[in-house]
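What follows is a pair of complexes built around subunit A, which joins subunit B in one and subunit C in the other.
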Partner chain A sequence: MMKKRFEPYMYMAPAVLIIAFIIIFPLIYTLYISFASKLIGREITSFGFFNYAKVFSEGRFFSSFGKSLFFTVISVFMKFVIGLALALILNRSFRGRGLVKGYFFLPWCIPWFTTAILFLWMFRFSGGVNTMLTRAGLSPVFWLSERLALVTGIFANIWKGFPFFMISFLAGLQAIPKELYEAAKVDGAGPFQQFLHVTLPGLRNVILITCTLSTLWTFGLFDLLYVMTRGGPGDASKVLPILVYETGIRQYEFGKAAAMAVLTLPVVLLLVFVLVRLTRREA
Partner chain B sequence: MKNRGGVTRTVVLLVIGLVVALPIYWAFVVSFTPPAVVLFKKPLYPSPFTLENYVALFAGEWGPGSGYSFLLPVRNSIIVAVGNTLLSVTVGILAAYALAMMQFRGKRALSTFVLFAYVFPPFIIMIALRYLITWLGINDTLYGLILLHCVITVPYCTWMLRAYFLSVPKDIEEAAMVDGCTRFQALIRVILPVTLPGVITAATFAFTLSWQDLILALITLDTDVNYTVPMALVNMIQGDFIQWGKLMAGAVVGALPPIFVYYLLQRHIVSGLTAGAVKG
Partner chain C sequence: MRRLLALGLIIVAFGLTTWGQPLEIWIRSVYYPPFNEWLKSKILEWSEQTGVEVDVSIISDYLLDEKLINAIETRVTPDIIFNAESGVTLALEAGLAVPLEDVVDRLGRDDFYPLALQAYALTDPETGQKLVYAIPMFFEFGYWYIRTDLLKAAGMEIPEQPTWEWLVEAAKAMNNPPEVYGLGIPISPSYDALNVLSFLLYHYGGGFITELAPGGADIFNTEPTWRLFEDLKQLYKDKIIPPDAVSWTDFDNNLSYMEGRIATTWNPGSIMGAMLKQNHPLVPYTKMIAIPPISLGGECVFVFKSTPEREAKCKDLVYYIFADKETYRVKSADEAGLYGVPIFKSQGAIISQKYEAGEFPFLGSDPMVPIARGEAFFGTNVPYPYGEATSVFEAAASSFQITAMMGPLFIKDADPKQVAQDISLWLNARLAARGS
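Our next item is the complex of A and B:
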């Protein structure tokens, strides 16, 4: 009898212990070193808010925060629009639909590092886009300049990310009962009104969950911009994950990097909270 | 009226289709054309067509002064991704089985705990993870990277397999146990065969997540003997002179395993994506 009662916990134990050991414990440790004056090779001598004071006085963190928000909001919005448009088009049956679906699925299958290298080639000054522009008699553009690097990164992010939205929305659309459309038609609703009153409400939860998930992933995305620009030129595309990496791992300012991570935590926790609530409602 | 809608749809599909194709097309141009031709003539298609970039990548050195062929990072990536997949799928199956099919106190809290871990962005704990593997003495080893990739793959596998196991009728398990199976035997003999597509999908995702990770590899690995594919490629992008032919060849080779497995399992992937991520 005793064994039966503890059985579920024994099945849970490996996963819970691993997650506790490599996510929860590091999270607590991050909090701890954000208050400590630890430099490489030296023991902790004192505790206090000096790491936070440094982060606040430099202002670099806040400009990175702004870039991260800009990167995330524009990317997610565009992925949403393109994903929804394609899902609506692909939800009707036509010849070659499966093929078209498989084709638009392709960017999602390509790893981040390859995506980054493809777009680095496309948008560097003597790269693909400028080659095509000059062949067409137009003048080349500095796509990875201080002014445009972040926007170019957003473009690459949309390219790789929209299929996820498309596929989620397609699955969501297929779950909407056909009778609802029939009923709406009987009530005299046109295509736009059907979209507004049947499609959107039917997709509501899928839209909310997909957007929240993508917001979290886009906000935490490191690989793409790191490979394309290393956060440059200057600080032009230095989103938060790159800033934390540079500060903590490259410049050995562990405490300051930890403080930056802790200051980002409320945003992350808020999004996770929203997602958990949404998932519970769905279940 | 109807026709106009059709035209709009076709135009949208063609424009987005073209944008999807262009970067991929250019990858083939750059990787199948001799580097000097790409640099000076800027061709729009591979002429003359050559395999020399791929040959140089595998027969020569992948990076400036590295002294190793690209086979080495490919081998390292396979070791890490396979090791991590075996570990996280095993752990994930056990936990998902409990979460989906057993009744116990704290189940709801543990589900939320796993979901939290699944969506938590690893960059927040990057510094502490560096401490952790150094403390364990497995920094700069493939073991260290196998462990750190669990940050992503263990919660993912657990969460996704939970959704799969939830779709299995409870009676199947109960019937097996009435027949004298223990819980564990019921899992191995009855549940796993039924949920095999789900397990394969979870394994595929775990493999590709591990295969394409860069940030955890950057934290873990220091010497180029241990570099994985993304690490090796990032190290080819240094300074002003980039060997584009080799780099692009490496990027194409590195993208092949994920593309291959995704298309092989496409039907399951779509349901896996939505079951794991969207339907909770």
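Our next item is the complex of A and C:
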């Protein structure tokens, strides 16, 4: 009897152990290192709150945190709007719909590094976009300037990320029963009211899950801005992942980088919590 | 007893697996790609001749840094790294680096330019002895590129011994924004910007770290730095330096030069290497000149500790790569627009002869002269004139933070003294953190 009760757990044990090792061990190790004075390749010499004190006193962390938030909120919002609009269009049947769907999905298939190089080439001062502007008789724009570098990064992020929203929303739209629209029509609802009272509630869970996942990915995005701007000019586009990378990998300060990562953990955990709750409710 | 037996078996099994493993070789991808390929083909050739199995990976520079740090931290390292620009000092501090003195002797110690052996002659933390722990792959020579057609149009000529002051005058004379900017120097978070900053700082009589106080950056926040920052700021304000130079990554100045947007720039020979390969129309109108002290790239090869047999194989491989000095020179220098000038005097002499014979029409001066005189420094890890690679300076330099912190000078019109002070404080904090 006892053996039977434990049998399912025994089957699950290897997978659980591997996942625990992959997820929990680095998390605990990061927490541990964040309190340590540690040089790369050498033993820990002391423990304390000094890494956190340094992070708080330097102010660079909060500046990067703000940039990360700005980058994430604007990117996710725009991806949501564009993704939803395209999903609504593609939900109708028209000739060549499959082709258009495939065309809009293309950016999602391109690796981050390639996207970054592509946008860097297009948006550098003498790149493709400014060439087009000058040929059209307009003044070139300094897209990677202190004021615009982060915005250009957001633009690249939207371009790469909106197909994920589009495809998820399209799947969600196709799952909404047609009868609901017919009932709304009978009740005298116009297209906008149908969108407001049938489409949006029908997509509620898909929207929340897509937005939460995208927020997590965007907040942790490193490659795009690092390749495009290396966090510059100055520190203008130094989002949190770049700051943590530079501190840990380039400046060899593991402890401080770990403290920064730990300080962002509450935000990430909050998002994971929301995601888990939503997934559970949907199930 | 059973436990001991199990432990013994594990150790034997581990030993056997390590013994049977191919040599793990990492190549950091340099900015002249054919050299990476040549290096890989030489390694495979050596593998075929000796029967030693190898596992070779060419890795991009920023990925390699990450992998290297992880390798040193976890002590699960490759056997050997070629073209590494950082890591040798960290490996040494972690007790993971192997001295290469015997390879130097095998290649002929006297044939090395002293600079090649000084750069990585590091102090063994246990014995206090200075030993060569890495060999530069070549001298990645920092040239000033000048458009001779624009210079001629401005009524100027390259003097016998060009100086920074002359270059600025020439840049002003050639300046014609927005079509052509006179001085195409990167002032952004990038390697090239750090090299230019180092060159200028030393030229202005300043520096990062003094030999008298290697633990402090107390010579950075001084008058030469303030003067330099003031001058750079003015050049930027006057649009001699292009406005987008604050956002340049390492290849933007290359492209800007090749597009004809800038009349001068600083770069290793990779621009010329690319232009020669493309038969670029600017080749006949470009001269590369040397203004000492020359900033050199720190690409080197070093070996990680493993077993004596594996270490010996790695050393043999290092020897094999350099032994055919003629081919080595041709691949790194002659065919590469002098991207990497040789570390051997015998080969340097051939470059000088070829220069004299006019075989490098794009050269404005003989690059081997400042090398022979020792008027050069390794920009990314050796603080000049302190002279020894340190992990502290490497960490400070390779993060691009110094040049990122220069940003406010140009984009916020910040006070040079304030910017110098901020950088100095940051540099000192890094030095203190390393406990040097």
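Basically, the second predicted complex is superposed on the first by the 263 of 283 C-alpha atoms of A that agree within 3 Å, B and C clash if a C-alpha of one lies under 4 Å from a C-alpha of the other, contacts with A are read in each partner's own complex, and residues count from 1 in each chain.
One rule holds in what follows: a residue touches a chain if its C-beta (ideal position, glycine included) is under 8 Å from a C-beta of that chain, and two chains touch if they have at least 3 such contacts.
Being a predicted model, the structure only gives us computed values, none of them experimental.
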{"item": "When subunit B and subunit C are modelled together on subunit A, clash or fit", "value": "clash"}
{"item": "Subunit B versus subunit C as contact partner of A:Tyr226, first or second or both or neither", "value": "both"}
{"item": "Residue contacts on subunit A - larger count, subunit B or subunit C", "value": "B"}
{"item": "Partner chain(s) touched by A:Gly102 [first = subunit B, second = subunit C, both, neither]", "value": "first"}
{"item": "First (subunit B), second (subunit C), both or neither touched by A:Gly234", "value": "second"}
{"item": "Contacts of A:Leu144 with subunit B and subunit C, given as first, second, both or neither", "value": "second"}
{"item": "First, second, both or neither for A:Gln251, with subunit B first and subunit C second", "value": "second"}
{"item": "First, second, both or neither for A:Phe125, with subunit B first and subunit C second", "value": "second"}
{"item": "Stretch of subunit C, among 6-14, 42-50, 60-68 or 132-140, that runs into subunit B once the two complexes are superposed", "value": "60-68"}
{"item": "Residues of subunit A contacting subunit B in one complex and subunit C in the other", "value": "120, 126, 226-227, 245, 248-249, 254"}
{"item": "Subunit C contact footprint on subunit A (complex, rising order)", "value": "39-42, 54, 120, 124-126, 140, 142, 144-146, 149, 226-236, 238, 245-254"}
{"item": "Interfacial residue positions of subunit B with respect to subunit A in the complex", "value": "9, 12-13, 16-17, 19-20, 22-24, 26-27, 29-30, 42, 44, 90-92, 94-95, 97-99, 102-104, 107, 110, 112-117, 119-132, 147-148, 150-151, 154-155, 158, 183, 208, 211-215, 218-219, 229-230, 233-234, 237, 244, 247-248, 251-252, 254-255, 258-259, 262-263, 266, 270-271, 273-274, 277-280"}
{"item": "Subunit B-touching residues of subunit A, taken from the complex the two chains share", "value": "7-9, 11-12, 14-16, 18-19, 22-23, 25-27, 29-30, 33, 82, 85-86, 89, 100, 102-115, 117-122, 126, 128, 131-132, 135, 159, 164, 167-168, 171-172, 206, 209-210, 213, 216-217, 219-220, 222-223, 226-227, 240-241, 244-245, 248-249, 254, 257-258, 261, 264-265, 268, 271-272, 275-276, 279-280, 282-283"}
{"item": "Subunit C residues within the subunit A interface of the complex", "value": "62, 65-66, 69, 72-73, 75, 90-91, 93-96, 178, 188-190, 242-244, 246-247, 249, 252, 255-256, 259, 261, 391, 395-396, 398-401, 404-408, 410-412, 429-430, 433-435"}
